[in-house]
Amino acid sequence: MSAMDWPALVTLGVLALGFATAWLVGRARVKYGIKAPATTGHEMFERAYRVQMNTLENTVLFLPALWLAAHYVGALAATVLGGVWLAGRVWYAIAYMANPKKRGAGFTLAYIAWGLMMIGAAWGVLNSLAGK
Amino acid sequence: MSAMDWPALVTLGVLALGFATAWLVGRARVKYGIKAPATTGHEMFERAYRVQMNTLENTVLFLPALWLAAHYVGALAATVLGGVWLAGRVWYAIAYMANPKKRGAGFTLAYIAWGLMMIGAAWGVLNSLAGK
Amino acid sequence: MSAMDWPALVTLGVLALGFATAWLVGRARVKYGIKAPATTGHEMFERAYRVQMNTLENTVLFLPALWLAAHYVGALAATVLGGVWLAGRVWYAIAYMANPKKRGAGFTLAYIAWGLMMIGAAWGVLNSLAGK
């Protein structure tokens, strides 16, 4: 066992969420008859598509922050914050599909966890550069 | 030489594919007179744009899976599966541009390779956490 | 201190830029009354959205190239090229918001830096595989 197994596990969970949001778009494409390459035409398809894209863009910001936090702060802190992020993003996806106006809480929770990872990683990088 | 040179080479190939799909969008933007920031207006532009976005979202899911599989399963297995994924994604891009209805085969091939990497990585992480 | 602190710092800067472009989209959504899940409806919202998506897709191509260049070429070279890329992308974002026709210079600067990182990383990988 290595402490880095834990952020690796979080990463796999995040990739599985990304796959799930892509799968929902594919299902909505069939269900609502949105033929590729269109990405508009039915409210429910557009919700699924926005959930996927927003999850994607946040995943791109999340994964490097997770691993930098794991390296510079510690695997445990990164795993806890990463788990909170993942929970917030699952909450966001479910809430958005039900009602786009309800997407705020999970979204905000995930961003708080991300912000803490970023602050921790920046602190660690700057301290390391300063030779401490 | 390090065994990890091989997944590094696959990674460079995937980045080159991402660049190629972005380049096709830029070319279609000029060719069909789609002025930024619009992303609709001509079927062929929209195909190129969807190919780029779908390649992008799959790359985000692919690269971490590739490297986790390389670490937890082995560089050789990850490289073979990563090569299959890359071939499937090139096939997808070419087929989609010709006819969006033909995009399924390459897409599915890449997802199978991705799924095997995910299963291998998850197995490796869980075994490591279990102390095996 | 580790030489890899520098590409880590560049990575944090790139993540901060990604956050800033997402924040501009959220602000434009409120300011121009674009209700989710729509992504069209006002020129200024669409500019912010395109800046975000273009930054995102380029970040996905950039971060692996940065770290492969840091590993195979050296942390200093990767950091300099990564800093140029980041400056080019900030320039692109500001110019695009002011006038989409002016987006070319920063975009091109960033792509040149990216191309050099890719060439350096490919050279390093191939030399390593060749046993040099």
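A, B and C label the chains in the order they appear, each numbered from 1.
Methods note: a residue touches a chain if its C-beta (ideal position, glycine included) is under 8 Å from a C-beta of that chain, and two chains touch if they have at least 3 such contacts.
Keep in mind that what you see is a predicted model, and the values were worked out from it rather than measured.
With chains as nodes and touching pairs as edges, the resulting graph is complete, every pair of chains being joined.
Counting the residue numbers that touch the partner chain, chain A and chain C have less than half of them in common.
Chain centres here are Cα averages; for chain A and chain C they lie 19 Å apart.
Within chain B, contacts with two or more other chains are made by residues 56, 60. Listing the residues of chain B that touch chain C in their complex gives 1-2, 5-6, 8-9, 11-12, 15-16, 18-19, 22, 35-39, 52-53, 56, 59-60, 63.
Chain B meets chain A in the complex at residues 43, 46-47, 49-50, 56-58, 60-61, 64-65, 68, 71-72, 96, 100-101, 103, 118, 121-122, 125-126, 128-131.
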